[in-house]
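These are the structures, in structure tokens.
One chain, chain A, appears in both complexes that follow, with chain B as partner in the first and chain C in the second.
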Partner chain A sequence: MSIDIVAFIADAIKMATPLVFAALAALMTRHAGMFNMGVEGMILCSALGAVAGAHYLGSVWAGLLCGILTGVLTGFIIAFAHLTGKTDLYLTCIAFNLAATGGTVFVMYLLTGEKSTTSGAFRSYQIPNINIPIIKDIPILGRIISGQSLLTYVAVFCVWFVWFLLKRTRVGLRIRSVGENPKAAESVGISVTQIGYIAFLFCGLFAGLSGTFLSMSWVTFFMKNMVNGRGYIGLSAQNMANGSPVGSALVSLLFGATTSIATTMKSQSNFPTEFLEMVPYLATILAIIFTSIYKINKKRRLEQGIK
Partner chain B sequence: MSEVKQTTEAVKEKPQMDPRRSGVMQRTQRIEAMMEVVRIIAGMAIAYLVALLILIAISDDPLFIVKQFILGPFSSPRRIGSIINLAVPFMLCGLSMCFMYAVNKFNLIGESIFMLAGCIVTWLGLAIGNSLPMAVMVPLMLIVGAIVGAILSFIPAIMDRKLNANVVVVSLMLNAVIAQLAIYILRYFMRDPGISFIGSYETPDSMQLPTLFGKMKVGSGIIIAVILVIVISILFYKTAFGWKMRLVGSNPRFATAVGLSTLGISFAAQLAGGALAGVAGATEIMNSYKRFQWTASTGHGFDGLLVAVLAKRNPILVPIGALFLAYVRIGADVVNTSGDIPNEFISVIQGIIILLVAAESFLSGFKNKLIFRSVQAEKAAAQKDTK
Partner chain C sequence: MKKLSKFILAMLLGVSLAACGGSKPAEEPATTDDGKETTEPTTEAASDLKIAYIVGHLGDKSFADSGQRGIETLTGEGYDCKTIEVGDDASKYKDQINDAIDAGYNLILASSTYFDVCHELSEEYPEVKFIIFDDSKSPEELNDNEAVIFYAQNEGSYLVGYMAAAMSKNGTVAVNYGMANPVIFDFVTGYVNGVLDYNAENGTDVKVVSAAVGSWSDPATMKTICLDQFRNNNADVFYQVAGGSGDGLFEACVENGSWAIGVDSDQYQAYKDSENPEKADVILTSMLKEVGNSFVSFIHSIDKGEDVWKKTTTLGLAQDSVGYVNNDYFKANVPTEVQDAMAQAAADIKAGKKDVKSYFDFADDNEFNDYLAQAQ
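Let's look at the complex of A and B:
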């Protein structure tokens, strides 16, 4: 059993891309003080939206646009229910994810007559992979950094963009102040509802990109339940990194690597596949345990220091 | 007349309070309770209408399809029986989620407990074979299911309590892991190679519950479900634990202030909920299946959440929510087979119901108007009196 390390790292980055977007989506609402589990369902809807858009409008870029628009629209639905309808956010997100799981299959059936995948009925479009001119000729680095999907580079840019948005712009400051203390923010004239909608707008944008990556870059069709918990993994990633964009991206990369290990082992050994399927989720649970213990210890030490 | 009666009753209860004010309070409370019921019914009605609209919009023969959807579930004794059979796991999972929901922990581990409990029970049943009579076998299986459930729900509960990890995310991740474990046990320990699909060997006759009511073929699992509904309603509303649990859920700060162990109570409630989900899985296998054949998560945990939301965490109302859900599901199945409309649209309807029932502002304007009017009427009456 031989493993090509370079190919493995490149694969890990590819696997991490949707997780990075999912983490950024969850991060935007987290900073506005909302724990948005609906990311999972938003990504699923966007993945279908992207494929359908590309097929009916006949272009990759139309597909990308439709994916993002679906993400924003679904974000608006959750925001409307929670902020205007005043529902419990947990319940809203669980309900939304439930509806998204069945709803995507339903819409897929109406459009194509299939219930499991669109690969037969829809033309497949792929977001182009980019070869960076000089870097691609560098021996090892070239294979890792160059030749990834365009959206992977967009993800790197988005990590910087989110950091800039939150730390260096007025909107970002307002989002964070609403998340920190909504009443204080309201007392100085910031509309909590409006900021909530803005946070959900960005959340939808990133969820849309994540979905588009899954259905137009990772594979080139939509598949029933294809998100498979990636939204939740991204959500945990940003939770572990305490809401820092760069940290979330790094944790996502780690999860991408575990997924990549599992897929490599599936093809190269006869270890029961059920256990390999568990790997990403087990890794998430273990990571949650370790980061929580670390945080609790740190807090305890701080408290002892104060005494 | 009735007004006078009310005020005198209120005086009896709280003699130190101004009788007229307590009358207003009582009336406001009554309006609020009534509006809860109205909201739930309105939510179900709107969702049902949406379902009908979807059917009308997409089918070639709307009248036939709508008729099938509404009346189809009652068209034969067999179908009525299957509504009841389908409602059994919904009821048990709804009870399970009532516990989680009562202490405000959205512990969704019930989803995979249901599957693994069914799996373990089948495995044990195959190992024991026909050596035990049904009177021993069925309770044994229920207890095993409950133990499996309690053990599994312990994991997210302890992580929530000790590590402050988000219980929803942890339970969802665990669901994916446990579902794979159940599939592994099925494929490597009890798969029957003689059948075309992936399934276990046939379970012994002693753990297949007999059917009732002749043609309707209602499984006797309904008896287990009804008994548990009664027991848990008593637990919720007639015992100290039930009262504490509801207090912790509705007002945790007050519960802490009066010296209740909030963490301990919510922990116990989650274990009880998990045990019930395990009983649900075991019952479902004994009631409706001859083999264990689930190769994907069944979704019963989320159905249970819907039932608990519809029942407003009140165990007595759980059977109504469960029967409604089962009726809609069977309707969708009828439409699916007779009209070629995918039954997945039901999950969209389920989402809409949860949202409408959960939305505080849904019909809140109407509620406030009612309360306002009743207070106004009271004021007018008071002015008349003074004159």
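Let's look at the complex of A and C:
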């Protein structure tokens, strides 16, 4: 037995991809002042929307589009309830996640007569993996950077895109101003509701990509409950990174790596499985504690400096 | 405008509620059809058996659905049967089974998941019979109106383990399961036993690698585990005992061109009949656990007046309750001498000439781990 470290790193990047999208989704609404726990349910719905779209329209790209549209639509539902209907966001998100757990099974049952998975009822489509011409021949780096799913490269682009959107565009500035002080933003004529919808639009887009990656790239079918908490991990990733797109991606990568370690250890060691399953979540808690301590210390130093 | 948005919001809420409730339509207690029927005094005559089959969810294409086929056969024979999907919420199990009893069902057929609930109810309702399948209990743990069916999954797993060892080119085979529990470990034990016996007979040194997914519905993790075992251990025959997660194992086998072994029902046929028939071509055979058949034969034996109560009945190869799929694809791809050896081993086990190791033989988990270590 010899553990293939290069493949292990490539795996970590693959496992991080849905988390990066989930983190970006949560990050968009966070900057508009809304902590959107509904990301988990939105990803689940998108995963089903993607495979259903691909099956009925007969194309992998139609599936990708349907996945994104489902994400946007589910985002709109939460946004409508919260922004127009003035419901409490946390309760709406909890209700939405519960509804998504049952609702996806219900829709799957209506479409296919199956209650567990679409692996038999829907034709499988896979988003292609991309081999980058010259890079793929570089010894170690080639195996890590090349040959990933198209959506993994899209994720890298999206990290830059979100940074650009928030820091360099007028919409981004408005989103941030609404998030920081809605009353002040309103006083200068920015519609808080409208900006909230825009934030949810992008949130839905990224949640859709996350779900599509799960059901059309990692595996090629939908299964009930297949998100398995990845939306929540993405949510905490962006929280740890304090809403920074690049930081969120790096934290997601950390989770990807710990999950990858746990998965490899399951076969390669005699550690109890239950302990290994705890590792990614334990890493999350530890990381949250450490970032929190760091923030508190920084604040204290600042206050001492002022005095 | 405000009115309109309120109306739409109300509609949305309505739809989401409908979606919530709709996903588990069969969770509604069984009282609607039969609620008004009075409970007739129970006698042991055939026609008086009213059977309630308790299951989490149908549609798993294996364990629960196999049981459902048995229930359909029994219904065809004139038994009054009802299937109740109780869902995943353990706090609601007791109420739903209670409802079934109130509706006049006097024979509760439930898997090991529901043993604790059924055991409690069996004391409350001595006139109702409880059959717990897929479990192993000693008589002291049971009441007079309880019977337990145990499947010798180790015997079926032994045969596919033997085949896996014979089919492996790289000298490593894998068995991956959803979550750790005694029944699942019994599968693993039989599989390892099969591999070890193949090694002993042929002087080979085939290794077994195994891992738990940690969920019955996480195919993504299962796929990663299998690809990892292929890469790091050179495993090239994969046996899944993982429910829904098992679909991830088949995808991994498609991706790296290795063999897979299905479980519970004929998964080759299930994929051949599906929208993705090419995925079937990695499945050499499936280890069968004929839950449905066992229901039919067990109910018949009760009707004949056999005493099955307050004990565990083991159903294995000899009762045709476990086995492996012997289809054309299997015959075309597995060498004849391996097929013959498997048939011979099956005959020996049936005749009692060969003993297969069972997880329930081990005193504790350390002994089980030591046994697994022999093949690592």
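The rule we apply is simple: the second predicted complex is superposed on the first by the 305 of 307 C-alpha atoms of A that agree within 3 Å, B and C clash if a C-alpha of one lies under 4 Å from a C-alpha of the other, contacts with A are read in each partner's own complex, and residues count from 1 in each chain.
We take it that contacts are C-beta pairs under 8 Å (C-beta built on N, C-alpha and C of every residue); 3 or more make two chains touch, one makes a residue touch a chain.
As the structure is a prediction and not an experimental result, all values here were calculated from the model.
Superposition of the two complexes onto chain A shows a clash between chain B and chain C. Of the two partner chains placed around the shared chain by superposition, chain B and chain C are both touched by A:81. When the two structures are aligned on the shared chain, A:73 is found in touch with neither chain B nor chain C.
By the touch criterion defined above, A:275 lies against chain B but remains apart from chain C after alignment on the C-alpha atoms of chain A. In the overlay built on the shared chain, the residue A:201 is in contact with neither chain B nor chain C. In the superposed model, A:4 makes contact with chain C only, not with chain B. Contact with neither chain B nor chain C is seen for A:150 once the two complexes are overlaid on the shared chain.
Of the two partner chains placed around the shared chain by superposition, chain B and chain C are both touched by A:95. In the superposition on chain A, A:130 makes contact with neither chain B nor chain C. Once chain A of one complex is fitted onto chain A of the other, the partner contacts of A:250 are absent, as it touches neither chain B nor chain C.
Applying the stated touch rule to the two superposed structures, the overlap between the chain B and chain C interfaces on chain A comprises residues 81, 84-85, 95-96, 98-99, 102-103, 105-106, 109, 115, 228, 274, 277.
Only residues 58, 106, 108, 159, 163-166, 168-170, 172-174, 176-177, 180-181, 183-184, 187-188, 302, 305, 309, 342, 344-348, 350-352, 354-355, 358-362 of chain B touch chain A when the two sit together in their complex. Those residues of chain C that touch chain A in the complex are listed here as 5-6, 8-9, 12, 16-17, 19-24, 57-61, 174, 180, 209-212, 214-215, 217-221, 223-225, 227-229, 231-233, 244, 247-248, 251, 270-271, 273-276, 279, 369.
Interface residues of chain A facing chain B in the complex, by the touch rule stated above, are 35, 37, 81, 84-88, 90-92, 94-96, 98-103, 105-106, 109-110, 115, 228-229, 232-233, 235-236, 239, 272, 274-275, 277-278, 281-282, 284-285, 288-289, 292-293, 295-296. Note for the complex: chain A touches chain C at residues 1-4, 7, 11, 14-15, 55, 77, 80-81, 84-85, 95-96, 98-99, 102-103, 105-107, 109, 114-117, 119-124, 214, 218-221, 223-226, 228, 260, 263-264, 266-268, 270, 273-274, 277.
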